[in-house]
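Two complexes, one shared chain (chain A), two partners (chain B, chain C).
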Partner chain A sequence: MFIKQYIKDIFGALKSLAVGLRRTGYYFTHHKEIITEQYPDNRDTLVMAERFKGEVVMPHDENNEHRCTGCTACELACPNGTIKIITQFDITPEGKKKKAIDKLVYHLELCTMCNLCIVACPSDAIVMAQTFEHSVFDRSEFTKILNKPGSKIMEGVE
Partner chain B sequence: MWSFSKIANIIHEWLNQTFNATLAIAFEMVIVGVCAISLFAILGLVLVLMERRVAAWIQIRLGPNRVGPNGMMQSMADTVKLLVKEGLTPTGADKFLFNLAPYIAMMVAMLLLAPIAFAKDFQMWDMNIGVLYVSAISSVSVIGILMAGWASNNKYSLMGAMRSGAQIVSYELSAGLSILAVVVLTGSLNLNEIILSQADGWWIFKGHIPVMIAFLIFIIAVTAETNRAPFDLAEAESELTAGFHTEYSGMKFALFFLAEYINVFIVCAIGATIFLGGWMPFHIGHWESFNHVMDYIPSSLWFFGKTFFMIFLIMWFRWTFPRLRIDQLLNLEWKYLLPISMFNILLVTAMAILGWHF
Partner chain C sequence: MVEEIGTTTEGDLIINVGPQHPATHGVLHLLITLNGETIKKVEPHLGYIHRSIEKMCESLTYRQFIYVTSRMDYLSSHINNHGCTLCVEKGLQIEVPPRAKVIRILLDELTRIASHELWWGAMAMDLGAFTPFFHAFREREAINEIMEETCGARLTMNYIVPGGLMQDIHPNFQKKVKEFISLYKLKIGEYAELVTGNIIFQNRMKGVGYLSPEDAVSFGCTGPTARGSGVSCDIRKLYPYDGYDNLQFDEVLETAGDSFARYMVRIREMNESIRIIEQLIDTIPDGDFVAKTKVVLKLPKGEFYTRVETARGELGIFIVSEGGTTPYRIKFRSPGFSNLSALDHMARGSKLGDMVAMMGTLDLVIPDIDR
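Showing the complex of A and B:
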C-alpha cells in the first residue's frame, strides 16, 4: 500500500541518517587518531608508499657503475619526450666498437610519472624514486643528467 | 548581577541625562549599529574557525593549527588576505547589480538581527509580529543570490542562482509551517512572549512528539534555506565551481561568505528561541529550587549556548551527508516535508485545543 511504503520510507531515511551521524559523531568525539601526515614536522620520519612515483633515477653501485646499455627503449616509450639519450661509442679492449651512453637527459618538468619508461627498460637501469620535494628556483635545474659523471656500464649487462 | 540589560539601561540613562531625547535616540542607534556590525565581524571569525575545526575533527584531521595559538588566528589572517585582494568586476557583468548583490545579502542578515532577544530584556526591537517579520525578511535573501547570479553573466552563476531560488522558495514553506506549530501553542507572534511562555519548560519538551517533529522539519528546512550542505546546490563546488559567487573576489566574496555564516547564526538563534526557549534557563515545571539554581547562569550564556548547539548540529549535518540532486531536493520538500508539516500542524492544533501539552 502506498501510505505504508511512504511511512516506511520516512523511517528508513531517518534511520540511515542517524547511522551516518553516529559514525561522524564518533569521529568527532574520538579525535586522538589522525589519519593525515603532519608533513613539515615529520619530514625526518616520513615514509612514502612504495608505489609512489616521484621522479626517474638511475641507481649506481659502489664502483660508480650503472646498468644502462643506451638502447633508447625508454626514450621511445616516453609519450612526451621527457628522456633524451645521447650515445657514444666505446672501444673495447678487443678493438671492437661498443654502443654506450654519454648522457641520459631527463626533463623532470615534462614528466607525468606514467612509469612507461621503467616498464620498457630491458635491463632495469632506471627506477622511480620516492622523492617529492621538487621545487627549485630556476627552470634549468629540472633538466637532469641521470648517469653520474665518469660512470660506466656494469659488467655482464648487455 | 551583571547583565546586558543593565549595561544597556545605564547607557540609556546617561545619554538621556547628557543630551536631549532626540540626540540620545540618534546616539543609541549609532551604538546599536556599531554593536551589530562588530557582532557580525566576531561571529564571522568564530564561525569560520569553528566550521573548519569541526570539519577537521569529523574527518579525522587536525584542522588549522599554524597561525597563532592552536590556529586561533587563522580566520583573522584569511580576512586580512581577502581585504587586500582586488575586487574584480567582470567586463560583461551588469556592474550596478553585480556590486549591489553582496550588500543585499548582508542587509538581509542585518535586518534579521532586529527581533532576536540576546539576553533577558536585551533586544533591538520588541515587535508584536516577530515571527512573521523573520519569515518575511529571510525570503528576501533569495533576491541577493538571484541578483548575484544574473549580474555575473556566467552560466554557472545563473544556474546556481536559479537552483537557489527554487530551493529557498520551496523550503520557506515547511520552515514557516514548523514555526507555526509553536505559534499555535503559544498564541502569539511576539518572540519575547514565545520565550516567556517557556518559563516552565521549553516547547520541545512541553509539546513533546509534534513539536519534536516540527523541530526536525525546521532544522532540515533552515539548512536548505541557508544553502548549506547537504542542500548546497546554489554553490555545489563540484558541479558549478562556486555557484552564484563564482565571479566574486576579494571583499565582495567575503561579504557573501560572511552573510552565509550570519544567516546560519540567525536561523539557529531563531530555532533556539522558538523551540529551545531562547535565553530562558532550563526549567522543569514547578521544581522551584532547581529552577532557581538554573537562574544563576546568565541568560546570555543560555542563549549563546543553545544557538551554538544548533550551529554545531547544522555543521555536523554538513560534514556527514552527501549533496542531494535538484530533483531529489524538491521531492524531499514537496512530497515529504510539506505533507508531514501540514499533518503535524493539524496535530498541534488539536493538541492545543484539547490541552494535551504540559
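Showing the complex of A and C:
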C-alpha cells in the first residue's frame, strides 16, 4: 500500500510539472502578444489618459489671458505648500483698486499630484497636464511661475 | 536586543536578514537566531521607513489628510482612502449618494485584485519561480489602466473625498472593467497550472508556518492571514460599510492554517472580488457622485472609529476631534503590523528556507507596518 502511494505521488508530481511546462511551451511558441510598452521608442505615439495627473498648469487663451482671480483657494487646499500666490492691486479704468495675481509660484518638487487644488479652484483657472518627464539638471528649474509674463485676467471672470 | 552578527552564549548563530534583502519586500530588518538551520527566534526591527504619518495628519485638514494615507499601504491605497473618508463622514453625518457608494466598492475590489495579483507574483518569485511575476503584472496592468483613466493615477489615486468622489467615472469605465473581467477569467487558469498545482510549490508550502486559530486571534491577525486559520474576520461581512451588506459574496475560509491555506484564501478571494464587481458593474445607479458639503469641514468634538477590510486585513481609523478644522489625534490600526507579530511564533522550529514562504504568505507591505 505504501509503495503504491509512493509511485502514485511520483507520477502525480511529474504530471504537475508537465502541466506547467505545457503553459510555458505555449508562450514560447506563441510570442506574438506584446504586452510591454516600448518606451521611450514610442514617445511620438504615446497617448496618456486624459485625466492623468502630471503637473499643474494654467491655461491661457490666444489673447494671453487666464482665469485666475488670486483668491488663494488652491493655496489653502494644498497639503504641501506647493502653491504660493503673490497678489498685487490693479487700478481699473474707473479708478478703483482691484486685486489681481502678480505671480502664481508652483513648486513641482513638493507636489504630490493629489488634485485638491484643481477641485478647490472656483474659476477653473488651473488644470492638470499630462506631462510626466519631469527630470531637470538643476533643482531650481522645478519652481515654476504658472501665469505667463504680461498676462491678465479674462473678461467676466470674478 | 542583540546587536552584532555572531554567536550567542549557547553557541547559536545570529544573522541579519534585511533591511536590504529581496525576500523582505522592503526595508524590514529581521534578526534571526539559528541553531544549525533551525530557527530559534525571529526579531523584526522596524522603523526604517517611519514617516510619522499619524503626526503629519494632525496638521492637515480633514480634506487634506486623506491623500497621505495612500502612502501607508500603497497596494490598497484606494481602500485606505475609503476608510479615512468613512470616518470623516461618520463624524459629519454626511449621506453619500448611492452612485458614489457603488463606484467606491467597485474600485475597492479592483484594488484588492491588483494587490493580490502583485502578491501572487512576488510570492512565486520568493520561492524561485520568476515567470509568474510577469503573468501577474499582465493582469495588474489592465487594472492600473482603468485606475489611470478614471482616477488619474496608477497607484496613489486619491479619488475619494468626504461626501463622495472627486470626479465622475470615465465614460469608458464600464467597458474597460468588463474587458478586464473577461481577461481575468481567461488567464486565472494559468495561475493554477503554473504555480498552485506545482509539486515543488506545494511541498514548500504545505505544513509550513502553522498558525492555530487561537494564536491568530491572540496575535491580532486579520485578513487572509487569519482566514487561512479558519478565523472569521472579514469586515465586509461582519461590519458592512457602504452597501456591502446588499451584495452576494462568500467569506473565504480555509482551516489548515499553514502557508498553503493562506495562499488559497487569497487566490479564492480574487474570484469573490470578481463576483462582487460583476454584480455591480451593470447597475451603477444614476445621480450625483458627490454630496454637497461645506468648504471647510469641522468634525464635532468627540472620538470616531471606523474599520475597513484592506487587501491585508482590518484597517482601523481612530480620530479624536476637538471641534477644529484639523484632527487632534489620529491613530491607524494597520493590518501588517499585527500580522508580522505572528512571524516569530510561526517560524520557531522551522528551517531558514521556509521562512521566506511564511513571510510571503503574510503579504507584508513595510510602509504599512511602519507608517
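Convention: the second predicted complex is superposed on the first by the 129 of 158 C-alpha atoms of A that agree within 3 Å, B and C clash if a C-alpha of one lies under 4 Å from a C-alpha of the other, contacts with A are read in each partner's own complex, and residues count from 1 in each chain.
The criterion applied here is as follows: contacts are C-beta pairs under 8 Å (C-beta built on N, C-alpha and C of every residue); 3 or more make two chains touch, one makes a residue touch a chain.
Computed from a predicted model, the values in this text were never measured in an experiment.
Student: When the two structures are laid over each other on chain A, which of chain B and chain C touches more residues of chain A?
Tutor: Higher number of touched chain A residues: C.
Student: Which partner does A:3 reach: the first (chain B), the second (chain C), both, or neither?
Tutor: neither
Student: After lining up the shared chain so the two structures overlap, which partner does A:91 touch, if you call chain B first and chain C second: first, second, both or neither?
Tutor: Neither: A:91 stays clear of chain B and chain C.
Student: By the touch definition at the top of the document, which applies to A:38: first (chain B), second (chain C), both, or neither?
Tutor: first
Student: Considering only touches as defined above, state whether A:20 meets chain B (first), chain C (second), both or neither.
Tutor: Touch status of A:20: both partners.
Student: Return first, second, both or neither, reflecting whether A:28 touches chain B, chain C, both chains, or no partner chain.
Tutor: first
Student: Per the contact definition in the header, classify A:12: touching chain B only (first), chain C only (second), both, or neither.
Tutor: second
Student: Using the superposition on chain A described above, determine whether A:47 touches chain B (first), chain C (second), both, or neither.
Tutor: neither
Student: In the superposed view, which residues of chain A touch chain B and also chain C?
Tutor: Residues 17, 20, 23-24, 35, which sit in both footprints.
Student: Write out the stretch or stretches of chain A touching chain C in their complex.
Tutor: Result: residues 12-13, 16-17, 19-20, 22-24, 35, 49-53, 77-79, 112-116, 119, 128 of chain A touch chain C.
Student: Given the complex with chain A, which residues does chain B contribute to the contact?
Tutor: 54, 57-62, 316-317, 319-321, 336, 340
Student: Over in the complex, which chain A residues touch chain B? Could you list them?
Tutor: 9-10, 17, 20-21, 23-25, 27-28, 31, 33-36, 38
Student: If you look only at chain C, which of its residues touch chain A in the complex?
Tutor: 60, 63-65, 67-68, 131, 138, 141, 145, 148-153, 156, 158, 161, 166-167, 170, 190, 193-195, 197-200, 202
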